[in-house]
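First chain A sits with chain B, and in the next complex the same chain sits with chain C.
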Partner chain A sequence: MSILTALARAEAVESGRAQPLTTVRHTHVAERPLVLVPLSLAGEAAAPLAAIVGTDPGEPRLLVVANPRDRTQRFDFVAELARVVLSYVDGCARSVDTGAGGTKLRYAEAPQVIVPNRGGVEFVRLLGRSTRFRRPFGPYPVHRTVPILGQWLTFLRERADHPGSSMLLAMTSVLSEHWATGQSGLEDANLAALLGWIDPPGDLDGAGAAALAEDPLRSPPAGPSTDPTFDNEILAPALAAVARSIDDFARERALAALTAAVADQMRPTWDLTWQAVRLLRTRPAGASVETRWAMDRDVFTMYHMALAEGTALPQPRRDSAVAAAGRLDRLEREQARYDAQRALDDPLVMAEFRLSGEAFTGTVVAASPNRVDTSGKKAALRPHITVQTDDPVRLEPGAHLVSPARLAQQATVVSVSSVDVVLELSKGMGRSTKQPAPGSVPEVGDRVTYGPVTDAYQPPGRFPSRDDTPWTHGGPPPVIEYHASDNDAVEDWS
Partner chain B sequence: MDPLVDRLDRIRGTVAPRNHNARTIAALTSNPGCGRRGLMDAAGVNKGAVAGQLGFPAGFGQSRFAIARGNAFEAQVKADGAAELLQLLRDRLGLAIPEVAYDDLSNVGGNASREVRYARTKALLARAASERDDAGTLFDHPMLRLEIAGYYAYLEPDLIAFRAGGKFHVVEIKSFAVIDGQADPGKTAAAATQSAVYVMAMRELLAELGHPPESVSHDVVLVCPENFANRPTATLVDVRKQLTVLRRQLSRLTRLESILDALPAGLSFDLAYDSDQQATRPADELRKAVSTIDARYSPDCLGTCEMAFFCRDESAGSTSALGRSVRDDLGGVESIGTVLGLARGTLTPGAGQEEIAGLLRFAHKLRTECLDGIG
Partner chain C sequence: MSGVIESILSDFGSAAGRGVVVDSPPGAGKSTLVVRAARTLAEAGERLMVVAQTNEQVDDLIDRLATAAPNLAIGRLSASTYVPAQRVVKHGTVTVSGAVSDMNASAVTIGTAAKWATVTDGSWERAIVDEAYQMRSDMLLRVAGRFSRALFVGDPGQLDPFSVVAVERWAGLSWDPMQSAVAVLLRHNPDLPVHRLPVSWRLPPSAASVVSAAFYPFTPFEAGTKPADRRLEFSARALGGDHGLDATLETARRTGWALHELPARHTVRTDREAVAAIADLVTRLLQRGPVAYSEHAPDGRPVTVDRVAVGAAHRDQVAAIRQALAGTVAADVTVDTANRLQGREYDVTVILHPLSGRRDASAFHLEAGRLCVLASRHRHACVVVARAGIAELLDTHPSAEPVHLNVPVRFPDGWEANQAMLAHLSGDH
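After this line comes the complex of A and B, so read on.
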C-alpha cells in the first residue's frame, strides 16, 4: 500500500466506482483457463462438499459428494475431479511452441487454474496434500488418477507462491492488484463485493453493489466455506435426506435436491469469476506478461515430462532447511524481478518510485551524445544528458538508473539540482566508440523517465549442501532422500 | 452498591447483563481504543440485539457441522477418562503424569448451578494445590469465574488442571486440524487468547486460596486433530503475551469514569422489551443514544464486534473505514472529502497538513498524468 493506492481508494469512494491502479494488465489470462469453484464442509480439515469446474462459462461441470464424511465417496469425488483437471492439464501439453529458440522444448500452453479467492488456493493445497500420498493398491486403494491429481494440485499451489506466475490465480487477488475500490482490503476478499465496485450491475454504484453482495441470501459466499445459515437450514436437511433414502428412487430424488441446493450456492460465483476473466481480457497486457507466461510454460513442460518419465522430484510434507532457504531466495529474486518488470511496463507503477524520489520523469534540455571519456585505459563513449524535471528527486550522484524506453542502457547520476538531473549514459549505443547508434541517446525535447529498477539477472544465493546444514537449522536431516513410500497411503483419512 | 456498577446497570436497562464467556472476553482485546465497545461490553449490553434494533443485524452464525464436529472431537478426546489425552501428554509432551483420577464437575450432586459448580471446582482445586505431590487429577467441565466490571463472568474451560511439575495446566480442545505441524494462524491465535482467559481466571482462584500465580502454568495444552484424521495431537502454547494484553484490557474496563463523565446522565441502551419480548425502543432514539459515545471503527471490527455494520455505516466517508493502513498512508487525515480537496488543491491545508497536502497533490498529479486517456 502507498499513498497512490490510498488516494485511488478515496477517489473510488467519491466516484462510486473502482479506480484503476495500473495502466496495463500484469497477469496473463490464458485462452482457455480452467475455473474451479470449490465448496468444503464446515468443521472438517479438507472435506470437499462440491465443486463446479470447467473451461467454458456456458458448460459448468458440477460435482457433489452425497456424504462428505464418507471416505469412499470423498475419493470418488476426487477421482471425478481428477478426470476433468488431468484432461485439461494434458490438453495443454498437446502442442509444442515452435517459436521458442534454443534446444529446449516448450509446450505452447500451460494450465491456468482460476479460483475465486485465497480460500480457493488453500483448498487446492489441502486437497493436494490429502491426495498425493494415496495409492491405487494396498489398504484403502483409490483410483489411479487420485495421487496424480494430488501431485498436480501441489505443483500448482507451489507455483502460486511465485511472484508473476499465472498458473493458479485467486481472482480477488488479481483484481485487487489492478483496481482500488472504495472499501477496505478486508472487504475486497469478497469477490462479489469487489466486482460490484469494478463492474456494478445495472445502474447501481459500487457501494450499492457491494452492499447487495454482502447479503448471503442474495449473493452466496464464494467458498470454500459455506454460509452457516445455508448449512443449518438447507444443506443439513438435504444431506440427511440422502442418508435416509430407503431405495434408489428416493435416493436419486434426494441427490437431485442436494445437487440443486449446492449448485445455487456456487453458480453465482462461477458467473462472477468468468465475468472477471472477461473484464481482465479487455485490458491490454503489459510488455513482459508474455515473458513471464513463457517461464510458467517452461516450468510446466519440465514437470509434465518429469512426471511422464517418473523422474519428478518428490513433494515432501515439509521442505528441508536447505531446500526451504533456497526456495525463499528464489522467491525473493522473482519478486524483485516482477516488481521491476511491472514498473518498466507501467508508468503508474513507476509513479510509486517517482513519489518517493527514486525515479523521475522530465524533458531533456541538453545533450552531448558524442562525449567521450578518456580517463580510462580505453576511450569510451559516455554521453551526458540534462533532464529538467518537476519531480522531487532524492538521488545521490553515482546512483545507477535505467529508462523503460532504453532497457539495455545504463544511466549514472552525475549531479542533481532542484530543477534538473545530469546523467551519464553507457552501453546500448552500438559498436562505435565515437558515434552512438541513431536514436540510442535521448535528444533535446524528448520526454524521458529514469528509475532505479532493473530486471537484469541476479545470481542465486549460495547455500550449504543438505549434508552441511548448520546446527542452527537442525543440522543435517536424518534421512538423505525423501522417498514417497507406500506407507503414506495408510495415513488415516476420516 | 458501587456507583459505577449502578450507572452501568442504568445504561444497560432492565435486562440482565449479557453473560461473558472466554470468547467474548478474548474479543475485548481487539480494538481496545473503541470507547463504544468498551462501555457496552462493560455494561453487559447485548450488542447483537442493539445492532438489530438499529437495522444492522450482525451475521455471526456458526455452522451446525462445525459445532457437531467440535463436540464429537471433544467427546472422543475425553472418552474413557481422557485415556487418549493422557497417552498424548505422556508421549508428546514428555510430562510425567502418574496414575490419574478423573473428576467430572458438570453437575454437583444433581445441582448444576454455576455458583455451586464454581464452589466445587474451588474446593477440589484447593485440595489438589495443597497436596505435596503432583495430584494427577483431570477436572472435566470445571467452572471458573472472572470479575468483569462489577459482575462475575462464569467460564467453562474444556478441561483443566492436571498437575505436573507442581503446576496446573489448562487444556484447550479445538477441532481445527494441525496439518504437517501447521495450523491456521488465526484460529491458533484465537485459541491462545481464550486459553489465556482461563489461565487468568484460574490464577485468580488460586490467589484467593493463597497460592502464587505461578502455580498455574502459562503454557496451555492445545489439543487438535492431526492431519486429516480424528487422532488428536497436543502442543504446548505459551500464552504470556495474551495474558499481559488481557490484564491491561480488563483493568481498563473498570476505568470507565472518563468516558462516563462525558455522557448525558439519562443515557440508556434499554430496548424496552414488551411482554412478548419484542423490542419497542424507537430506532431513532436508540441511534441517538449510541451515537453519544465515539466508536473507533476499523474494518477488522467486522469479524469481531456485533456493532460493526452500524459503525461502518456511521463512518462512511472517513478514511478509517478504508482500513488503518490506508488512513496512515493518507497521513491520518480523517475525511475522504478533505483528502480529495487537498489532492486537487481546492482546499488549503490546515496547520500540520502541509506535508501530506504536498504529497497528495503530487500523487494526484501522477495519477492524472499516467491515466490520461486510459480511463
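After this line comes the complex of A and C, so read on.
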C-alpha cells in the first residue's frame, strides 16, 4: 500500500466516507453493459444454480436450474443463458465504427459483461471451460449454442487478464481501484460493504452501512457461493420439494417457490451492481479510456469475425511453452502501458511518483527555446527549460522524462538542485531546426509536470516458433493426430 | 574447492548430457568458477557464449575474465544505449558492439540475456548462463536456441524472478514462464547433473552456519575460514554519544550479528525512526574507525565507505535512507534494495528488516530470498534494524499462499526462514 492510499484510507475512517483515489474514471463503462450475477451450488466446481442477467436494471432475466446436479437440466440452463449472452454479443457487432481510419474494420460496440466480484470472473472461466468442448452431436449432445457460449465466456475471461481491458469487469475490483474505504482489502471484496462506504444510504456513515451489509438476510452474498444458512434452511428444502413433487401441478408450485427464494438472494446484488454502474458513470472518463476501449473493440471484432468464418483459433486447456511466454510478454507490456496512461491521465496517480521523487510539478522560471546543440553531426534544436519545484526530487542527470501535456516530447534531466531542475527537450517541436513550433516548448510562468512514464509503443519480444521449442523447455510439443473418443472428457485428476 | 571445479568442468566438457547445473551459496566462488570455465574452454579453441542477467554483471565478468586471461579476445554484446564502463574499456582485448557479426573474432562473447534474446542467427556449441536462478524461464526460452549445451550457475537461495502481472494461468505447468530458468530446465531434464559449491569464502563462520541453516536447510554449506581468521576492531573508543548505538556495534563486532531493536509500532514503509537509526548506526560505525582483519589482510584493512552497505526491501526506503545519509561522513555508502545488492560483497552491512513496523506479512515481505540476500552480503558483520514484534507478526501471519497442483514445493519456506533468522538474532550470543 502506497503512502497516498494509506492516507486516503485513514481519511476514509475519519470522515466516514470512502475517499477517491483518482480524479477520473480509468475504466470504460459501456452504454449498454450486460450485468451477470451467477450463483453456484455448493459442493461442485461449476454447478450453476441460477443467474440473473440483463442489460436493463428494470428488466432482470432470472434463470434457475431445478436440479443443479442433473446434467441435462444444467445444459438446458446454459442454453438459456447462451440465448441472452449471444444475442447481446451479436447486438454489439451490428454497427461499424465509421470514425476509425485505415482499412481495418472495427465494430462500434463491444460486449461489456459486469459481474459483482472476482468470484464471478472465476465462475465465467469455469463455465466456459465446462461448455466450450461440448458438442451438439454424438453422445450427450447439447444445444448448438452451448459450445459457442463457452467460446465467448473463455474469450471474455482471457480478456480480463489483460491490464486495461474492460470487457469482463469484476465490480468490486473496479470500485477499489477508484475509491479507498476505511476497511480492509478483504472486506472490500464484499460489494455491499464496499458500496456502503462509497455511497451510504440515508444518513448512515460508511462504517455503519458496511456493518449492515454483513447481515446475510439484508445483503445476501454476491455469489457465486451462497450463504450456508440459506443453503441449509431454504435452498435444500426447496430443491427437495421440486424433486419430491408427484405431479405437474406440485412441481410447478415447488419450482415457483425455488425461483422466488433464489431471486430474493440475487436481487439485492443485481441492484447494487447497477448502482455501482451509475456511480462510475458520474465520474469523467480519463483521456486514454477511449483508446483502450478501441483496443477491446478491435480484439472483439477480430474474434467475432473469425468465429463467424470458422477460423477462430482453438482455446486449448493450457498454453504451450512458447504461447505462455508470448502471452506473458504481451500482458507485461500492456500492464506497463496501462500504468503509464493512468499516471498521465490523472494528477492523483502521478502524485505517487511525485511523492517518491520520480516525478515533479513546478513552474518554468527560465527557458531558452531556440537553443541549438551543434556537438553532433547535425545541428539539432535542443531547448533548455528550468523548472522551479517544491517536490522532493530524487532524479539523476540523464534521466528521461515525459510531460502529460506534451506526450510526443522527450525531456532529459541536465541538472538537479534543491530548488530547480534543468531539462533538455527533444522531439515534438516541428520540423524547423531553429524555431520550435508555437506552444511546443513550455514558456516562463507555465505550470508543468514531468514524470518517468511514457505510453509509447513497446515492440513485442521475439520468441522461437512452436516447432523450435528448445530442449530446455521439453523440445517441440508432439503433434497428436486427433480422433474423437470417450476419453476426451477425462481430466488429469479424474 | 578445485576438486569440485574439476568435476564440474569434466562433466561440462564431456560429450554426454546437454547441461550442467551448479548451485552456489553466497560467496562460494561462483564468479571464479565462471571465469575458470570460460578460460579453459576458450583456450581449448572453442567459441563460447556467456549469458549474464544485468549490464553490471556483464561488465564485472568481462573485467575479471580479461584480467585473468589478458590475451583472450572478448566480445561485449550490448544495446545501442549502452555506454561502455571504464573497467571494460581499459582492456584492449574487448570489442564492444551491438551486432553479433562483429564478434566473429572473439573467443568469448558476453551479453545480457535481454540482448541475446534479440540475436536471431548464429549458434554456439557451449554456453555459460550466469545467475541462472535470477533469470526467468521465458528469457531462457528466447536464448536457448543459440546454444547446444550449457553450464547454468546460480544461487538458489536468492530472490526469485518476478513479474509485474499477477496471473495464475500457468501455475503447475512445467514450463511456467514465471518460474526461474533452472526450475524449468530441471523439470524437463531431470537427469542433468547438479553440482554444489560447498564452501562460502565470503561469509564468516558466524554467518555461514546461520544462513545455511535458515535458507539452505537441505543443502548445507560451511565457511571457508576459521573463526580466528576474521576479526573486526574499532580504532576509536566510544566517547559520549548514544550508548545504544555503541552497544549494537559492539555486539556486531564481537559476534558478527546484531539486532538493533526499536520499540514496537506500526509505521509507514519509510519509518522515520528506523531510517534515522540506520543513518546514526552507519555514521557511528564509520566514526569509530573500524578495521577488518581477515585471511586477505592479516594486518588489518580499514573499513572505508566503499566497504559498507545498507540494504532495504523497497525503493522508497532506499531513497529515504540515502537522503538521511546525505551530508554525513557516510554519504557515499552504497544504499540499495535486495534485488540490486544480489551478488555484491561488503565488510559490514546494515539492513532494515523487511517486516519491520508492518501490520501484515505479505508474500513479498516473507520471501526467503529477500532476507537471504540482505543477510549474506557481509564478510565481517551484519546489523539488522527492526521494530520489536516481528515474531508476533509472523505468528499471526502464517504463510497462506494458494497451493496449486503440480507445483514443486519451494524450500526454504519464507515464514520458517524468517523465524530461524529472528531466533538467532534475538537469542544470546
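The working rule: the second predicted complex is superposed on the first by the 479 of 494 C-alpha atoms of A that agree within 3 Å, B and C clash if a C-alpha of one lies under 4 Å from a C-alpha of the other, contacts with A are read in each partner's own complex, and residues count from 1 in each chain.
One rule holds in what follows: contacts are C-beta pairs under 8 Å (C-beta built on N, C-alpha and C of every residue); 3 or more make two chains touch, one makes a residue touch a chain.
Since the structure is predicted, the reported quantities are computational estimates derived from the model, not experimental observations.
With the two structures aligned on chain A, chain B clashes with chain C.
Contact with neither chain B nor chain C is seen for A:T282 once the two complexes are overlaid on the shared chain. In the superposition on chain A, A:T311 makes contact with neither chain B nor chain C. By the touch criterion stated above, A:F463 is placed in contact with chain C alone, chain B being left untouched. Once the two complexes are overlaid on the shared chain, A:S418 sits clear of chain B and of chain C alike.
Of the two partner chains placed by the overlay, neither chain B nor chain C lies in contact with A:T98.
In the superposed model, A:T374 makes contact with neither chain B nor chain C.
With both structures placed on the common chain, the touch criterion links A:G474 to chain C but leaves chain B unconnected.
Contact with chain B, but none with chain C, is seen for A:N232 once the two complexes are overlaid on the shared chain. Shared-chain residue A:A6: touches chain B and chain C both.
Taking chain A as the reference chain, the count of touched residues is higher for B when chain B and chain C are set side by side. Residues 3, 6, 318, 392, 492-493 of chain A touch chain B in one complex and chain C in the other.
Within the complex formed with chain A, the residues of chain C that make contact are 18-19, 117-118, 120, 137-138, 140-142, 144-145, 163-165, 167, 169-170, 173-178, 181, 184-185, 188-189, 268-270, 315-316, 319, 322-323, 405. Chain B meets chain A in the complex at residues 59, 61-70, 175-177, 179-181, 225, 227-231, 299-300, 302-303, 317, 319, 321-323, 325-326, 329-330, 336-337, 339-340, 343, 359-360, 362-364, 366-367, 369-371, 374-375. Note for the complex: chain A touches chain B at residues 1-11, 13-14, 20, 23, 41-46, 126, 129-130, 182-187, 216, 226-229, 231-232, 235-236, 317-318, 347-348, 351, 354-355, 391-392, 491-494. Across the interface of their complex, chain C is touched by residues 3, 6, 161, 163, 318-322, 324-325, 327-329, 331-332, 335-336, 356-357, 392, 394, 461-464, 468-475, 492-493 of chain A.
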